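Take a look at the structures below.
What follows is chain A paired twice: with chain B in the first complex and chain C in the second.
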Partner chain A sequence: MNGRLKKLFLFGLIALAFLFPSMVNDPYYQHILISTFLFVISAYGFNIITGIAGQFNIAHAGFIGIGSYASALAMTRLALSFWVALPMAVLVTITFGFLIGYPSLRLRGVYFALTTLGFGEILFLVFDNWIPVTGGPMGITGIPAPTPIPLPGGYQIAFESKAGFYYLCLVFVLLAIYVNRQLLHSRLGRAMLSVRENEDLAQSVGIPVARTKITAFLLATIFLGICGSLYAHYFRFISPVSFTAGESFRQATMLIVGGKGTLIGPILGAFIFTALPEFLRSVEDYQWIAYGVILMLCIVFLPNGIVGLVNERRARGTIGRAEDG
Partner chain B sequence: MNLLACEKVHKNFGGLVAVNQVELKVDQGEIVGLIGPNGAGKTTLFNLVTGFLVPTSGKIVYQGKDITRLPPHVLGGRGLVRTFQKINIFPELTVLDNILIGRYLHIKAGFIQSLLQSRVQKQEEAMARERARQALEAVGLPGWEGQQAKNLPFGLQRALGISIALAAQPMLLLLDEPASGMNTEEKKHITEVIRRIHQSGITILIVEHDMNVVMNLCRRIIVLDYGTVLTEGTPEEVQHDPRVIEVYLGKGYKKNVIGAN
Partner chain C sequence: MFFQQLVNGLILGGAYALISVGMTMIFGIMNISNFAHGTIYMLGGYGVYFFSMAFGVPFFLAVALSILAVGLAGIAMERMVFKPIYGGPVLNDLLISLGLAVFLENGALLLWGSTSLSVKTPYTDVIIRIFSASVTLQRIIVLGASLVLIGALYAFLNSTRFGKAIVATSQNPRGAALVGVDLSRVYMATMAISSGLAAAAGALLAPIFYVFPTMGSTPLLKAFVIVVLGGMGNVQGAVVGGFLVGVAESLGGAYISSAYKNVFAFIILIGVLLIRPQGLFGRSEK
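Up next is the complex of A and B:
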């Protein structure tokens, strides 16, 4: 595909995404897309720290939990507007990201994974047991929808409806994709990739490895905070079971199947794992069996994900041409 | 003036003395060979000079400044860049990205500018790509830029490793066994590449097992054995030094075999 065709295709896709709620008025399908979008935002956060910078964050779901609880509590307890609660949730998530990432990312090897494994468990225990604040296993109920944005002339943009929330998520999905895209074409993003690939070599050409990893993690937690906040205000109910290590691994699988460290991989993975099973309900009885088999095959045969497979095919094509010529 | 000087550099690993009171000087514009049998402490010395290890005692001076305890990335920023014996590339990334990473220190626009797509950033990015392509052509890698580095043939991977280091614009380049595992043809090629790099004005310190490569390139050779400097001199002097012959070939071996392999 040449550049212009690619751009046209991309604009078409975005236009389609914007028109979707008016084309498909079925709230069921809108719901599926919204939950997929939530995973897409989270997957792009995961992509930055784990896919691009190569540091496995096992507390991934836990950090989404921090964003969720922070945002939910800000609205239910402090009666703040959603537009204050959202940035506050992001800020709280980043702060925890810094506290966990700063010491553990300075060390090489498995320490970050181990630290986040432990931290994820601690978070779950806190969510589950700090009953006066988090509501314990019962969670927090009655979380309001995002505060409407007033417009001149008495109009407002409301998010009570699925369509309204859909657009809110879409904005953040586009933001997540844009940030990942620019990252991959920037000095910082390349430094993150180099840290994943070969820390020693990265250092020797002047890349501050620890600082790069910490920056990657902080950038990732921004999206985890956003995802958490949106999650809380969409489902209007949160409880500890949504934020376990198991959930982190499930989302890691999404990223791996889609293609980690790439631009298309996270969105592809999120769609395959959330939208596809729903849309394939027609083969109900065999749905999950087929799904499991596909997943295993992907992990065994596509270590670089679907995007990796496509890239390899393309690369092979050009080697062939170079040798011919 | 010395570009690099090791003053009584010493490194213990527990009871093992890996580098023993080493005195070593490299002048601006030189190309110096560092040889010695396996376990002589060559790679350890490299790690000490480039900040990957901190000496037990002694001092390392670069450009007249004490750099003994500085981390590798700071030294990289001052033009002291090394290559590695084993994996010398970023395997999963494209050849072009490999070089662009080498240019990290010379691209100024940060991520915020990238987010805003500022004109400065775009220009810089385009220029970096252009220079990277030129660099690839210089080491015989044109046309490979879109390939994943791990797909390159072995010899070209080595050349890429050196190009990454060059992209960082070093003053002093430390090459750790650049010709190991290569066939004769590849060795010839890499020797030429290194010679050209030296001619472009970069000071080089090179560890290498292959005597032909070292003797061909260097005017001065330092021989390391059991962590100490055994001797140093021109290739001819070193070749005929009985101590060197003994270290490499064992006692009682008189013939000059070192340079002949």
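Up next is the complex of A and C:
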């Protein structure tokens, strides 16, 4: 595909995404797409720290939980508007990101993964046991939908309906894709990729390794905060079981299958994995075993996921053509 | 009360040391952080359950058989799962071992269900008094067996030819290969020893706690903290760290709060990362 065709295709896709609710009125499909969008936002956050910078955040779901609880509490307890609660949730998530990232990302190797493993467990303990605030295992119910935006002339943009929420999510999906795209084409993004491949080598060419990793993590937590907030106000109910290490693992599998560190991989993985559980429902008992096996096979045979496979094929094709001509 | 908690802590520490020694060896020699280590501990628990409860083998023999079976399973895991990723980025070994952990844990859930199984031994009912503390014989056995196994490992690493080859590999794999050490065999042996020790801990503790598919998740976390505390790859460090964390947890649980036991371990981890990331016994990288 040449550049112009690609651009046209992209615009077509975005236009389709915008027209979707008016074309498909069935709330079931709108619901599926909104859930997928939430995964997409989360996957792009995961992609920045784990896919691009190569630091495995095992508390991924836990950080989404921080955003969810912060946003839900801001609206239910403090009676704040959603438009205050959302940035607040993001701020709280970034703050925790800094507290966890600063001590562990300054060091090389696995310390970040170990710290987030522990932190994820603690977050679950707090969500589950701090009953006066988090509601414990019962969670928080009755979370309101995002506050409507008033327009001149008595109109307003409301988010009670599925279609309204769909557009809200779409905006953040596009933002997530845009940020990932800009990052992959920037000096900072390339620095992150080189840190992922070899920290010593990256350091030797003058990349500030620790700062690059911490920046990646803070950037990622922004999207985890957004995702958490949207999640809380879409489902109107949150409880600790949504934010476990198991959920982080599932989403990591999603990202690896799609293609970590690529632009298309996260969205591809998110779509595959929202469709997959529907198919896997008949064999639900084996679902987690399947995730484990898929992840192991992918790491060995498809380290760059489906996107990597396609790119490889294409690269090989180009070389073949060049030799022919 | 203090003495009682101290004794409890030392017993817990023995089991922690067993689990952590295996994990730190895998790190030191294969440069892999094994997230499946907790599930291997879990397999040891099921091993002793099946040998002693289903086949009626005496407890000590059941523990030995469990260690052997899980050690062999460890070799299979090393060949099939870890071998393809040697020398790759850190991210790969984290992900692949996590995949293995999820596979094993859910495999156990599917095969044996989520019910907690109890292992009965004649030693759980015998109470022994040591000064002001009273402990069951089973707990004394845990501590005694841990010390014996760690001692055996020391003797193996320091006085046998193959043990020395393992130590040499951990110091410099290329140099070891150059003087004729078969790295492939060293890796298999390391994984077998590591798995066997984790299984030993799971098997020895099975009569005190229960056996269930997710029993390995907390020990995994503890083992990571201990391995970091002792210096990653440092066997002595893991032993000392195991006892330190065991005692700290026992005293902290008694005097501060038992609901947040896991939080103490995490605070230790963050503290070590901030103050002394190379661990108590590790050498600084620079």
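Here, the second predicted complex is superposed on the first by the 293 of 325 C-alpha atoms of A that agree within 3 Å, B and C clash if a C-alpha of one lies under 4 Å from a C-alpha of the other, contacts with A are read in each partner's own complex, and residues count from 1 in each chain.
Note that contacts are C-beta pairs under 8 Å (C-beta built on N, C-alpha and C of every residue); 3 or more make two chains touch, one makes a residue touch a chain.
This is a predicted model, so every value here is computed, not measured.
> Contact-wise, after the overlay, does A:I52 reach chain B, chain C, both or neither (first, second, both, neither)?
neither
> If you stack the two complexes on chain A, which partner ends up touching A:L193: first (chain B), second (chain C), both, or neither?
A:L193: touches chain B, not chain C.
> Classify the contacts of A:I143 with the two partner chains as first (chain B alone), second (chain C alone), both, or neither.
After superposition on chain A, A:I143 lies in contact with neither partner.
> Once chain A of both complexes is superposed, is A:V173 in touch with chain B (first), chain C (second), both, or neither?
After superposing on A, A:V173 lies clear of both chain B and chain C.
> Which chain, chain B or chain C, ends up touching more residues of chain A in the combined arrangement?
C
> Looking at A:H185 after the superposition, I want to know if it touches chain B, chain C, both of them or none. Which is it: first, second, both, neither?
Touch partner of A:H185: chain B, not chain C.
> Based on the superposed arrangement, let me know which partner A:A220 touches: chain B (first), chain C (second), both, or neither?
Once the two structures are laid over each other on A, A:A220 reaches no partner at all.
> Should A:V209 be classified as contacting the first partner (chain B), the second (chain C), both, or neither?
first
> According to the stated criteria, A:L201 is in contact with first (chain B), second (chain C), both, or neither; which is it?
first
> Quick check on the superposed pair: does A:L86 touch chain B, chain C, both, or neither? Answer first, second, both or neither.
neither
> Could you list which residues of chain A make contact with chain B in one structure and with chain C in the other?
Correct list for chain A: 197-198.
> In their shared complex, at which residues does chain C touch chain A?
Chain C residues touching chain A: 33, 35, 81, 84-85, 88-92, 94-96, 98-104, 106-107, 110, 217, 221, 224-225, 228, 232, 259-260, 262-263, 265-266, 269-270, 273-274, 277, 285.
> Considering the complex alone, what residue numbers of chain A touch chain C?
Of all residues in chain A, those touching chain C are 50, 54-56, 58, 103-104, 107-111, 113-115, 117-119, 121-122, 125, 129, 196-198, 246, 249, 252-253, 256, 285-286, 288-289, 291-296, 299-300, 303.
> Tell me, which parts of chain A touch chain B in their complex?
178-179, 182-183, 185-191, 193-194, 197-198, 200-209, 261, 304, 315, 318-319, 322
> Residues of chain B touching chain A in their complex?
Of all residues in chain B, those touching chain A are 50, 52, 71-74, 76-77, 81-84, 87-93, 97, 100-102, 104-105, 107, 109-111, 114-115, 117, 121, 125, 143-144, 146-148, 151, 161, 164-165, 167-168.
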